[in-house]
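After the structure tokens below, expect a handful of questions from me.
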Amino acid sequence: MNNSCEDRTLKLKVFGILREKLKSNTLSIPINNNSISLEELKNCLKELDPHLSMNEINFVFAVNKVICNENVKVSSSDEIALIPPISGG
Amino acid sequence: MNNSCEDRTLKLKVFGILREKLKSNTLSIPINNNSISLEELKNCLKELDPHLSMNEINFVFAVNKVICNENVKVSSSDEIALIPPISGG
Amino acid sequence: MISIIKDTIDQLKILEELKDNSSGAVVFFTGIVRDHNSKEKVEGIFYEAYEEMVDEILKKIENEVFKNWNIKKFIAIHRIGYLKVGEISVIVGVSSEHRKEAFEACSYGIDNIKKRCPIWKKEKMESGDSEWVEGVMINE
Amino acid sequence: MISIIKDTIDQLKILEELKDNSSGAVVFFTGIVRDHNSKEKVEGIFYEAYEEMVDEILKKIENEVFKNWNIKKFIAIHRIGYLKVGEISVIVGVSSEHRKEAFEACSYGIDNIKKRCPIWKKEKMESGDSEWVEGVMINE
């Protein structure tokens, strides 16, 4: 797992409080396989902490605009987003 | 009862289909006591039929803008109205 | 604000009056003259009211609404006279901090206007006929 | 009609678009920036959205509403950017033949926007502080 965060790149959209903490609305995560599960991706993100504050802020993944559980596999062709708790209306 | 409809006068407001059938928005009913019950008043109205079509059209009484049951007594100082089924909105 | 009026109902003015900086929600109901009833095409509706009694009942409904829900403003207006298809016959608007109260109070308002206010309507059909709408016994 | 917009929401235009001569009822919800939260005075709210996903979800909600209720028109609009107290952040409007459907569909619309649309808000307080509103996990 430690060296799974290399090579190909996933581009993540980030919003709200996460976007603000990251000071960017996208986040690039290099991976070394064609695809990884969202669970693995989450671990990658945690490793990049504390810079990301991922451990403090709850979020779920949206893949191609659909909320997915962490078994789902993603590749660089997917549109991936981190969705912190919502508060529209 | 037959000769109870004389002397003093109750002025009734009428609305909607009743107003149209009566071709007037008020109806004067003479009574010979100071007051009569709404039940008695209803009988007076029925006697004035067929002119009034009171037997065909359902209605209730409002006395001083409050719907009342037929035990209530009314006199000429009361504001009395005949309320056929409503259809506002 | 509650009333019976004879002129066109000005929606924007009412929305403006419902505004309240402490409210986060406005719910607004309008009843509109439809172009049909269950049998025929309708051209317009003539509304008639026992105005003084409607005023009393609207006041009661207003009191009930403020008693039962934590709301900021309540507006109920019913128009009378002849209205063409597409015209607004009745408006109920509520503003409140949260939306649940506004929905409930607005719905209560229009339900009770229809059940309790002495108002009658006569439909004018496209065929030229006109007919009093079969109503419900008043439930006040 | 559903969308995310950046400009002021024009209520009258939306009411006009909801009009439909076969409809007898319009129910209209507006969410407005309140001057306070549970702790402090608020000056305005910044709204941010994952716009493309909100579009998808609004489409789904619209489909559900037309599938579940016999309604004529459905409008849902959410504004983003910085809004001052008193400005409208969201509107849901429904027209239908009868009022029950309009109330239910309108209420369903706003409930589901709040539960399912990836939108976030940050309150700017009168004190000068600003803070992201603690939200709920998306339930799509």
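Things worth noting here:
Letters A, B, C and D name the chains as they come in the text, with residue numbers starting at 1 for each one.
FYI, a residue touches a chain if its C-beta (ideal position, glycine included) is under 8 Å from a C-beta of that chain, and two chains touch if they have at least 3 such contacts.
All of these numbers come straight from a predicted model, not from anything done at the bench.
The fewest steps needed to get from chain B to chain D, moving only between touching chains, is 2.
The distance from the centre of chain A to the centre of chain B, with each centre set as the mean of the Cα atoms, comes to 77 Å. The geometric centre of chain A is 51 Å away from that of chain C, both derived from CA atoms. Here the spacing of chain B and chain C, counted between their Cα centres, is 28 Å. Residue positions of chain B in touch with at least two other chains are not found.
Residue positions of chain D with contacts to 2 or more other chains are 31, 110. Interface note: chains touch in the pairs A-D, B-C, C-D.
Per the touch definition, chain D reaches chain A in the complex via residues 31, 47-50, 52-54, 56, 78, 89-90, 110, 113-114, 117-122, 132-138, 140.
Every residue of chain A that touches chain D in the complex is listed here, in rising order: 13, 15-17, 19-20, 58, 60, 62, 65-67, 81, 83-89.
Of all the residues in chain D, the ones that touch chain C in their complex are 11-12, 15, 19, 21-36, 85-86, 95, 97, 99, 102-103, 106-107, 110.
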